[in-house]
């Protein structure tokens, strides 16, 4: 089994409506360190899991939908529910959609999966892993 | 698949009785960096894997049973057998017992597993992964 | 010359009024990793720079004045001016005030200085260094 | 499930023949941080996954076949194909061969697997995981 | 005293002509992690050491003169002398030239200095610190 | 100003006699991450601060006088006084003695200084800086 990983980060404000979150009900924020990895049992024709430049561009473009934003006003997290777990899921699903559009020779051979891990502080992180659909047109 | 992770550390003295361990038969010690993660396929009612505050408290309370101690005198490691692997197993099993007591709405949906990874130096680590039992009363 | 250092972190929301800051004029946030160090040319009676437990407690108590807050509403940063540099200065000055109250045997021998370094992302940081006043009553 | 991990690094020059790699077609180089881990469901007679000293020695001896070399001239990567993925696979397979020769009491109980993860920069990594064959003579 | 820092990296091939360098006389390579910091006793009109966006752009543009290159053929390091120390000096001097061109309101108040620290492996680094000239036209 | 740095680690047991140290009066231990750096305003004839191989060997040989030991029985720390600060001072002074014996062409040009920084946990460190004497025979 092979994997390929890239990292980036984004910075957001948010708060939580649910009293479960204690002081995090107040408006605060976070720098999220992002680690995105793709797993596949075989390499493609260029001897890589996928085009690492494409993977970094996809990650950046997906992060742009959150970066420097107040997530309390973001449509993907209604009712102030932008937990790290849901952020990881949101990012993984958006990245998976974009990876599905990568030309076959630069895309991960199937079956493949991807995982987004978010580091919200030096002592806390969360991740979400999702299978990649079969390649379009394949 | 989701995961949630937290980190902490503890500092102990120990030695090994088994000649297999060479210079580590001498009384020495270690700072163990601890990375505890919980995996579950679904989120609970608060949109999290589990209550991260509860997870950090459980980890700290379990680490207190080792921190600032000489493990050569600890009942869990008879005959001076406190290898990093056995320390990881001891901690994972104690944490699993405590997570089983967390109220359902703050606990990881089952099936779930947890992993304790211990970093003993910049160049060495060990881990142990265990399934969580079904929730009490569920 | 000796130094002693401790680390912690805090999470805030903020924005900048000055158009100089481009997209950071939008409400966003950050996790700040904090590295606090104290420098002194000699050790005190306990063979340490100062009481590390007192230093960690002081740092935490000062961070509590910012943690989980929206700095746009904080009196220390009027007109939305909470740059990393000003945050470092604010923290260093508050910590210096508290270190001045530490009992002499647990305090850094003078002359001493302290530095607060803030990591706002994996690729950016800022710091502020300040001299400690002479010990009260000395 | 237990794991044991060790780390090291090596420094090489290389280039890629395939136009797919853009500027990396030029002769350049990399420091590869190496993280090698072994997984097994049970511990051996010394309460460890395997002899960590043997594991570190094996890793170093295998890295010596690449360290301070120009991989464009290395027989394992014909036609300038030393991608991080193929480097991880090469290393994992060489390490697996050597682990198979470790005396039974110091070797990982089977079934076991190992994984080599290579960090080529602060923002990119690749890994390869392989099952270990049954122990020789077992 | 304030500082502001940013990080980046570059990847090169090189070798050393001097027998002093042992196995590093062979053509090999490195990933250099770069940490660039600017120090100044006062903040500018925007409450920052200098424009962090400008600093990151300058660093990237200067790194482009080395990235993905064989330094044995680079005019700045005649006779295969691209030690980490000389690389740090080269980068610091080029960055200082560019910082001198930054508009006054976005530049570090003088007197100021800058430091380039290069991490060539997990266990080795080098740095060079240089004073910044007075601002042009000031 | 140039610097050159190398890192290593060592593992010890110790305790403190002084009630000032609270729970650390109990026998415990630590992994100390070590960062050793040498500063000098000029490079030597090989375009380096000093021979990095010699520096790593000196550091390892000095660490061998502490590694895998119970410092409560070590003659350099009478009355159980092996604080991180005193350990850093001990190591810096021993390293300085050894660097003074390095042949002139491989040694740091004078004036020079060196600093030993010890990381005892993810949240605490200490350092000691000392000037290097003039070169023997110079």
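We just call them A, B, C, D, E and F in the order they show up, numbering each chain from 1.
Just so it is clear, a residue touches a chain if its C-beta (ideal position, glycine included) is under 8 Å from a C-beta of that chain, and two chains touch if they have at least 3 such contacts.
Keep in mind the model is a prediction, meaning the values are calculated, not measured.
The set of chains touching chain B and also touching chain D is given as A. Each step here moves to a touching chain, and the least such steps from chain C to chain E number 1.
Listed by label, the chains that touch chain B and also chain E are D, F.
Under half of the residue numbers at the chain E-chain F interface are used by both copies of the sequence.
Distance between Cα centroids is largest for the pairing of chain F with A.
Against reference pair B-D, the listed pairs A-C, D-E or C-E yield one interface repeat, C-E (criterion: more than half of contact pairs the same by residue number). Our note on geometry: chain A versus chain B, Cα centroid distance of 27 Å, whole angstroms.
Chain B and chain F have Cα centroids separated by 32 Å. Contact of a single residue of chain D with at least two other chains is seen at positions 7, 122-123.
Viewed as a contact network, the protein chains fit none of the simple shapes, being neither a path, a ring, a star nor fully connected.
Chain pairs that touch one another, listed by label: A-B, A-C, A-D, B-D, B-F, C-E, C-F, D-E, E-F. Residues 7, 9, 11-14, 23-24, 26-33, 67-70, 120-123 of chain F touch chain B in their complex.
Only residues 1-8, 37, 43, 46-49, 51-53, 56, 105-106 of chain A touch chain D when the two sit together in their complex.
Residues 18, 20-22, 81, 83-86, 88-89, 117, 122-129 of chain C touch chain E in their complex.
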